[in-house]
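First chain A sits with chain B, and in the next complex the same chain sits with chain C.
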Partner chain A sequence: MSEKILNKDKWSDFVSNVASSKQVWTMTGDDTVTFTPCAEAEEAPGKVLNATVPPKNVVFPQTETLFRFMFGQLEAELPEEAQEAVVLGLRPCDARAMNIVDDLFSWDEEDTYYQDKRQKTTLVGLACNEPGINCFCTSLEGSPASTEGLDVIMADLGEKYYLQAITDKGDKLLADVSGQLEDASDNDKKAFQELAEAAEGKIKRGIDASGIPEGLPNLWEHELWQKVSEACLGCGACTYLCPTCHCFDIQDELEGFKGRRCRMWDSCMYGEYTLHASGHNPRPTRRERTRNRINHKYNYYVEKFDKIACVGCGRCINQCPVNIDILNILSKVKEAL
Partner chain B sequence: MKNNGNPYIPHAATVEEAWNETYGDRCIRTFKVVFDDEEIRESWEHRPGQCAIIGILGVGESMISISSSPTEGKFLRFSVMRMGKVTKALHQLEPGDKMMVRGPYGNSFPVEEWKGKNILTIGGGIGQAPLRPIVEYVKANKDDYGDLTTIYGSRTSDDLCFRNEFENMMEDDSVSCHLSVDVEEQDWPHFVGFVPTLLMEVNPSPENRIAITCGPPIMIKFVLENLKKLGFEDEQIYTTLENRMKCGIGKCGRCNAGNLYVCKDGPVFNYATLKQVPEAFA
Partner chain C sequence: MIDLDKLRNTAAETVSRDDVKHLVGWKKGTFGYRVAPCVIENAEEAESLVFSPLCAANLATYITLPEKLPVPKGEQPDDRKTALMVKGCDSRAVVQMLVEQGIDRDQVVIIGCSCQGVVDLQKVEEKFPEPLDTVEAEWKEDKIVFKLPDGEEEVARDEVLADNCLICRYPNPVIADVSLGSEVEPAKDGEDSSVKEIEDLSLDDRWEFWEKEFSNCIRCYSCRNVCPMCYCDDCVMDRLNPAWIYRSVNYSENTVFNLSRAFHLVGRCVDCGECERVCPMGLPLGKLNRKLAREVREKYEYEPGLDPEEKPFQASYRPDDQEDFIL
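Take a look at the complex of A and B:
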C-alpha cells in the first residue's frame, strides 16, 4: 500500500484534484461543524478536533428521499444514484462507527440506499494528535490513529500530511490524485507512529467495558436508570450526534400534487418514537428511553452483531445540555454489576 | 411497479371488497386486496402470522397483520382499526380503490411443526386478526391437525370481528367455537364475561395442544396465567407482539423489545422465549 506526503500548501490543489472526479466532503462551519460537499479547498484540516455532527450524513442523510410520486398516482420515481464520494479528514472514531453501522444496513434485507452510497464512498481519515477531553476511543478497541474502516489515513506532521493507503480503494485514490503527492520516507512513517503513540497517551478518560454487555440484562429494574435519566430533557442531541445511532422515521411529504416519501433521523429519546396509535407507549418515560439507549449500544447490538455500538467519540458528553455523561452512566453500571 | 431489490418500494393493489366489521370511533374495516401486477400476485407468498406494510402514497404506511390464510387464494385480507392518520385514510377506501402494499414481514406461526396437534386460539378484539389465518389454515388442512378450538371475545357484540364467520363456525361440528362479551346484553346467547374467564369455562386439556393468544395486553396477561393454571407448558403457548414500526426490515430501530426486533424476530413468539425478554409485555 502506498505511503505519500502532501505539503499543506498544496492542500487546496489536492482537494480540487479529488473534486474533479468525485464529490468531496469536508468539515465546514464555525460553531456547528458539519461535513458538507465542497467544490473547492477549504482550510487544511486539523484545526478543529472533530465535527459537531458526525459524517454519517454522507451515507445516511439526515433527510433522504426514498422515492417521489404524484398524489393519486401509483408510480414511484427513484432518486438519482449516489455519486462517487470522498470524505476528507474524518476522525478514526467516525470511520469505525461506519464499520459498525454497516452491519445493520446490510443484515438480512439490504438497505439499497445506504449500501449504494457506502460502496461509492472513500474515507480519508485524519489521525488525532490532540484528543479531546471527553474522548475515550481507547476503551472501545479504537485509538487516535485507528485505521479500522478507513481507506486512507492521514497524519498531521506540521508542515505536511503523511498519507497511508489502507485499502485498495484508498490506494487507487492516491494513485488517481498523485499530482500533489510525494513519496513518504521512513522518517515520515516513524513520525506518524510516534505521534499516534503519544496521542494514545493523551486520552484521559475511559471505562473498562468488559462485563457490561453480559451484565446489562441483570440491571433491567435497577434504580440507576431512574437516577441517570432524571436530568434528561429528552432533546435527542446524544442520538442525533452519535456516529453509530442509525434509527430513522419514514414520512410522506406533499407539496401540491408532488409528493415524496422520505426517511429522516429519529431518536429513541423521544416519546413519540415508540408511541402506539392507541396512545399506549411501551417506553413511557425518560427512564425507559435512557435504559434503551444504553442497552441498544452495549447489549442488543453486541448480541446481534458482536460489536459495541459506541466508539468513544465523546459527542454525547460534549453536547448534552444538562451534562449527562455516558461514562458516568457506564461506571454506575459497572458498580451495579 | 417492481422494486428491483429496493425494500422500501411498495406495490399497488386494488381493494376488491371492503366492509366494516365494527362501527364507531375505533371501528374495524376489512379489506380484501389483490396486487395489480400479475408477477407480484403470483410470486407473493406469506405464512400465517406474517404482516405487511400497507398505506397510501402521500399519507404514510402502517404495519398490519395479514388476516387471511394463504390457503384462501391469491389475495390478502387486512382488518384495520381506525386509529391514527394512516388507518383513518385507509378506512376511506372502497372497492376499486388502490392501496400500496409491501412485505410480507416477520416470522410466522410454526404451523408445520404443529401438525398432529390440537389447536386452540384465544383472541380479544382486533387481536383476532393475526389469529384468523391460523383458524383458516387449520380448517383448510383438517387432516393434518387434531381438534380446533377458538375462543374469542370483545367488549360488546357490536365490537366482534368476523362475526358471520364465527356464527358459521358455531354450526360447524369440526370446530369448537366460543364467543363472549364483557357485559350482559339483550339477546346475547353466548358467554358473558372476560376472555380469560371463558377460557377456564371451556377448560381445554393441554394434552398435545398448542395455545395461541392475541389481544389487549391485560387480556394476554390473564390468559397466560390461566393457561398455566390449566397445565400448559410455556413451550405450548404462542403470542404475537406489536410495536410501532417504520421500515419492517430491522433497520429503523423502534420496534425492539429487548434485543428482539418485533418486525423481524417476531411478531410471533413462543412464551418460553418471551418470558426472558424484559420489555416484551411493556
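Take a look at the complex of A and C:
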C-alpha cells in the first residue's frame, strides 16, 4: 500500500483535485463543526478535535428521500443514485463507527440506500495527536490512530501530512490524485508511529468494558437507572450526535398532490419513539429510555453483531446539557455487576 | 455569595419534611466545569448540593418534567411536594407556571438563591481550556474565581457571564418559601444590544442571518425540553396526524419549528438562557426571545413571571393598550 506526503500549503490544491472527480466532505464551521460537501477548502484539517455532528450523515443523511409519488399514479420516482464521495479528515473513531453500523444496514436485508452511498464513499481519516478530555476510544478496541474502517489514514506531522493507504480503494484514491503528493520516507512513517503512540498515552478516561454486555440483563430493574436518568431532559442531543446511533423513522410528507416517503433520524430518548397507537408506551419514562440507550450499545448490539456500538468519541459526554456521562453510568453498571 | 452549609442545612430540613417528596438542586459534575441537576430524597444527600456560577441549569423545568404514570388500582397518587432551588430567572419560570395554572402553589417548596450570574462555558473555555478534573467556582465581588487544577484564577464577572446574565433584571428570586443569600443588584442596562444589531440590518441581511442559523438546527429538541415554559404534555412538534411540522430537517421546517417555539414563548419567556446554553449547534435563540420579550414589555408594559396573581399576557386585554403600532 502506498505511503505519501502532502505538504500543508498544498492542501487546498489537493482538495480541489479530489473534488474534480468526487464529492468531497470536510469539516466546516467555526463554533459548531459539521461535515458538509465542499468544492474547495482553505484550511487544512486538524484545528478542531472533532466535528460536533459526526460524519454519519454522509452515508445516512438526517433526512433522506426514499421515493417520490403523486396521488393517482402508481409509479414511484426513485431518488438519484449516490455520487462517488470522499470524506476528508474524519477521526478514526468515526470511521470505526461506520464499520460498526455497516453490519446493521446489511443484516436481514441489504439497505440499498445506505450501502450504495457507503460503497461509493472513501474515508480519509486524520489520526488524533491531541485527544480530548472525554475521549475513551482505547477502552473500546480503538485508538487515536486506528485504521479500522478507513481507506487512508493521515497524520499531522507539523508542516506536512503523512498519508498511508489502508485499502485498495484508498490506494486508488492516492494514485488518482498524485499531483500534490510525494513519496514518504521511513522517517515519516516512524514519526507517525511515534505520534500515534504518544497520543494513546494522552487518553485519560476509560472503562474496562469486560463483563458489561453479559451483566446488563441482570441489572434490568436495578435502582441505578433511576439515579442516572433523573436529570435527563429527554432531548436527542446524545443520540443525534452519536456516530453509531442509527435509528430512523419513516414518514410521508405531502405537498398538494405530490409527496415523498422519507426516513429521518429518530432518537430513543424521545417519549414518542416507542409510543404505540393505542396510547401505551413500553418505555414510559426517561429511566427506561436511558436504560435502553446503554443496553442497545453495550448489550443488544453485542448480542446481535458481536460488537459494542460505542467508539468512545465522547460526544454524548461533552454535549449533554445536564452532564449525563456515559462513563459514569458504565462505572455504576460495573459496580452493580 | 450563599453560605454552602446554610444551603445544605436548609435543603436537608426541607427534604426531611413529610410533605416533601424530593428536592431538586445542583451537584458537582463528573468533569471540568460541569454541574449536574440532581434529585435528592434524604438529608444525607443534601451534603452533595452546590451553588456556584456554574449552576446554569434552570431547575424549574424539573417540576413538570417527570412523566405521570397511571396509578395502579388501589393505590393513591403520590401528591407530596417537589422542593427546588431557584435562581432569579428560575423563580420567574415558577411564577409564570403559576400564572398559567400549569402547577399549583402547594405543589412546590421554593428555596430562593440570589444569583450573581452564571457563566457561559464557551467564554470560560476560551480563557481556561476545560480540564478533566472537576473545577469549582465562586463569586467574589465583581469577579469569578475558578479553582483549576493548576491553581486559582480570577476573572472579571462580565468577561465570562452568560449573555442573559449580563442584562439580568431579576437576579433575586421573585417568589420563595426560604430565601438564601443577600440581595443582588440588577444589571444597569437590561437590554441586549445584539438584538438591536440585528434589527439594524437590512431585511435581506436579517433573512440571511436567520437562514444560516436555522439551517444548522438538527432538531434534537434540547431547547424545547430544557425550556421551563415548554411543559405541554402533548407537543405539536410530536404530532404525526396531522403533522403540523414535518420532521424533515431542512431550512424550511427548521424555521417553522424555531419560530413557532419563539411565538409560543411571547409574553412567557423568562430569559433564563437555557435554550441558548443547551443548543449543541449554537443557535442564538436568546436573541429571538429577547426581541419578542422587549416588544411585549414596551408595547404592552407586560413582563412575565413576576406576579402569580397576574393574568397571562395573551389573556390580558386592557382597554388602554397602545394601538399606534397596529396596522
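Note that the second predicted complex is superposed on the first by the 335 of 337 C-alpha atoms of A that agree within 3 Å, B and C clash if a C-alpha of one lies under 4 Å from a C-alpha of the other, contacts with A are read in each partner's own complex, and residues count from 1 in each chain.
Here, a contact is a pair of C-beta atoms (placed from the backbone, for glycine too) under 8 Å apart; a residue touches a chain by one contact, two chains touch by 3 or more.
All values reported here derive from a predicted model rather than from experimental measurement.
Q: Here chain A is shared; do chain B and chain C fit on it together or clash?
A: Once both complexes are aligned on chain A, chain B and chain C fit side by side.
Q: Taking the superposition on A as described, I'd like to know which of chain B and chain C A:D108 touches: first, second, both or neither.
A: A:D108 contacts chain B only, not chain C.
Q: Could you say whether A:Q251 touches chain B, chain C, both of them, or neither, answering first, second, both or neither?
A: both
Q: According to the stated criteria, A:K204 is in contact with first (chain B), second (chain C), both, or neither; which is it?
A: Second partner only, chain C.
Q: Touching A:C268, do we find chain B (first), chain C (second), both, or neither?
A: Only chain B is touched by A:C268; chain C is not.
Q: Taking the superposition on A as described, I'd like to know which of chain B and chain C A:R283 touches: first, second, both or neither.
A: A:R283: touches chain B, not chain C.
Q: Treating the CA centre of chain A as the corner point, state the angle out to chain B and chain C, nearest 10°.
A: One gets 90 degrees for this angle.
Q: Between chain B and chain C, what minimal C-alpha to C-alpha distance in angstrom results from the superposition?
A: 5 Å.
Q: Name the residues of chain A shared by its contacts with chain B and its contacts with chain C.
A: 249, 251
Q: Using the touch definition up top, name the residues of chain A that touch chain B in the complex.
A: So the residues of chain A touching chain B come out as 66-67, 69, 71-76, 78, 104-105, 107-113, 217, 220, 246-252, 254, 259, 261, 263, 266, 268, 273-278, 280, 282-283, 288, 292, 295-296, 299-300, 303-304.
Q: Using the touch definition up top, name the residues of chain B that touch chain A in the complex.
A: 1, 5-10, 12, 36, 57-62, 83-84, 87, 98, 100, 217, 242-244, 246-247, 249-254, 256-259, 264, 278-279, 282
Q: If we count contacts the way the header does, which residues on chain A are in touch with chain C in the complex?
A: These residues of chain A touch chain C: 29, 31-32, 34, 52-53, 62-63, 133-134, 204-205, 230-231, 233-237, 240-241, 249, 251, 253, 262, 264-265, 267, 270-272, 284-286, 317, 319, 321-325, 327-328.
Q: In the complex, go through chain C and note every residue touching chain A.
A: My answer: residues 29-32, 34-39, 57, 61, 65-67, 69, 122, 130-132, 216, 218-222, 224-226, 238, 240, 243, 246-250, 274, 277-278, 280-282.
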